[in-house]
């Protein structure tokens, strides 16, 4: 069974910043896809902001099992139509993994219903990620903690809803903490947010980070066929009621009506 | 201490449907506000779709402790600007109680991040609400269950995120069940969804329903001052780090920069 | 990959009640194990109360991936030592599925920390289970609802902690509702409670119930090696601190001490 | 309205360790009760291990709104009968706040259903508690973080179930993090665990810690009358069914039977 995976990259700083392009000559999305493709059960391709419909056409999403999303400088350039399409794919069963600055991406904010804000500092300081849920599928093969010697700091309070499960909490050298790995479910879709990944550091070359990403794709994958008509609100006519009932009282709606949305 | 409460009503069927206007001559919002005002610690007023800015100006929301929302036929007529304003008020600490068909209102869908859909039938059938969380503040004074002889049916699956707490589950005569009372937190704001309230039935004249609404206002109230700048993502300069650190590695951002949103 | 599964049966009414032994000549546990063994990736055996250590020796549990538990008349006869052993296996990663009257079993009450009580009626009435989480792995292949024409009623309020996820809610002919499929995590172990299964009805011969059980075993399975020393509270000596620190202030404990438990 | 509060102290190190008795001449429980009594709506008394029934008779618990629990060296000396009595009080509506080393107390482990273990180091290092849920009632009046210059370290992974809400996360100087403020509900009772409070440091003299304790008592208080018969599983006879049904199929139980426990 192969997990069809798309790594979406904003692909801006890779084109405009030499530090980033030196670290990731094939783009951060390219680096992540290469990592995932080392697993025989994952088939990862990439998509970017600059492509038509950002590379996320309805056809592409319909056959995507898990999507990863990295964005930072150009959140506002993502079309609202594509955002809604991505969210519908999640509700119907697609997994979605948000990376680092994607905390402020349109689909993450849309799916969380909160500001998703935080405090931050770009100082190349040490980050240490602690596993808070031992043997969680996303933490498979990891020790109790691992370190990234140079990372951007993200600090609490993090403006997210209470997660389904907390998998990682980060310690920062400058004194902050952060919920760095949190899971959610929206409709039939599994969602994971993973904090590390500032573009000027070699984070996606780190073995432990690569382990998390591979684990997360396997965890987010829901092999069932997509839920059809995932936003429908079907009327159940009285004559089709499971238990026989007789209509009573005044009505607002006519037979066969669609209802209000 | 008085809880400043606003009952928002769409106020459409009260103007166009004789059954509804006979049941609620002052509007459903008017009926609900009268109920709440029987509590000495609640000061409830109303606001409607037809008012300027739907009666929900920034000034009004700034001094509202708890908002109740009933809408059905005109969800699409609510301005996106007001929706965003309402959500920001919730994130900063305002309580928000969604009633019945408000499951499809813009602010509910925005705060949940899911389709919020369900199945439905308008047959005046019997609904029985079971308390699943005994002695929950919202269920104060209620027996283990109570009945509404005539209600619209809403059936599972209900397209919502897993709630923080489940307070009521409904049994319907025609064979369905529904999570009829669910709580959430979004930022500093408490949210409660309460299912009953179809406009052609006298639901808001029911004593038990009135008890739930009054309890819910008390539960949703957060007496603390609003969170300021609730969507901000402040930069913490290296020189102000709590624990002394030295900047390392390449930078993307300049001093004093705002970051990307 | 094979999921090593043990179906634990109390095996009392199968020996003492002709209705039960006629329905389940190999015991309810035997029937369930036969069902599970139809899946090529599940290897299910049985264990019963009457065996030495109730068939749940430390060796047996160490090599069990998923345990199913059915008990009713003899909860009090299960030894506390075996209960603690089962709970430790769960914390270290074993999946555990509780069936029907196992809501009052010692391990369920131990893992929940609540009374786990409910109301009940033995009248062979109709139960209809609604899926509340579409495409949840435990609901794979099921329609939006399925029916059991004759079941015992269990009614809310159900004395459990708020679940991680709610998968099924039951409608009963006599007017009650019940959270019939709920998930939990305790340590590294996945837990699922599934309501149906009264011994005088042919519930475990029902195709949909069999689908749920097979799905649940797959869902509960955690392929990682067990967490070692799952109740330990290790001391981290000052000289081994990850970040160099100097001891300050008075001490209560001596070097190498175990701490209090 | 006065919140009747009992501060339970193990009262061992206060009698045997000069550092502790110098810091807390009236015991840690005495110090905490004095703090709470500064609030006009709290009436706090103390109870200790050494008293008859550890000072927690059925009569005392029946009139206690909120209990605080500090224990460390003598967890094993607490009688199982009192532990069960305390848990029943929680299920029926009493609030319970566990402090520091009470993570290993019998009632906490009983209510959580998990090992509640952690790693630890007694080095008087700096702890910084970050608020993760802004404007949570327990964090009322606190800045985004506060510091304790000398504390014992507790490190993740912390062997608890996923909390209802996470209020505080700690940063430790030696490199660890910890979920230091977590809420749960068990039955009708609110539960809060708060990490700081090692006996050789002046933690309970700290203003911010005192604010948390006072807030937590107010948050945990449920003013409703206790749930009666909180562990009962009542039989609902067929003839009393809410919706009229006719008994069908074989029966296991006789009329008026109690059911199995």
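When the chains are written out, they are named A, B, C and D in that same order, and each has its own residue count from 1.
As a working rule, contacts are C-beta pairs under 8 Å (C-beta built on N, C-alpha and C of every residue); 3 or more make two chains touch, one makes a residue touch a chain.
Owing to the predicted nature of the structure, the values given are computational and were not obtained by experimental measurement.
Asks: From the centre of chain A, which chain's CA centre is farthest?
Replies: In terms of C-alpha centroids, the chain at the greatest distance from chain A is D.
Asks: To test your reading of the model: what rotation angle superimposes chain A on chain B by C-alpha positions, in degrees to the nearest 5?
Replies: So the angle, rounded to a multiple of 5, is 180 degrees.
Asks: Would you mind telling me which chain pair, B-C or C-D, is linked by more contacting C-beta pairs?
Replies: When the contacts at B-C and C-D are counted, C-D has more.
Asks: Could you give the separation in Å between the centres of chain C and chain D, each centre being the mean of its C-alpha atoms?
Replies: 27
Asks: Let me have the rounded angstrom distance from the C-alpha centre of chain B over to the C-alpha centre of chain D, please.
Replies: Centre separation, chain B to chain D: 31 Å.
Asks: Using mean CA coordinates as chain centres, what's the chain B-chain C distance in Å?
Replies: Chain B and chain C have C-alpha centres separated by 36 Å.
Asks: Two or more other chains touching the same residue: where does that happen in chain D?
Replies: 128, 133-134, 155, 162, 164-165, 175-176, 185, 187, 242
Asks: With touch defined as at the start, can you tell me which chain A residues reach chain C in the complex?
Replies: The contact residues of chain A facing chain C are 92-93, 128, 133-137, 140, 145, 164-165, 185, 187-188, 222, 224, 227, 242.
Asks: Provide the residue numbers of chain C that touch chain D in the complex, in ascending order.
Replies: Touch residues, chain C against chain D: 13, 17, 19-20, 72-76, 87, 91, 101, 104, 110-115, 117-125, 150, 153, 155, 159, 161-162, 164, 173-176, 184-187, 198-201, 230-238, 241-243, 245-253, 259-261.
Asks: Quick one: which bits of chain D touch chain A in the complex? Just the residue numbers, please.
Replies: Listed in rising order, the residues of chain D that touch chain A are 128, 130-134, 144, 155-158, 162, 164-166, 169-172, 175-177, 179.
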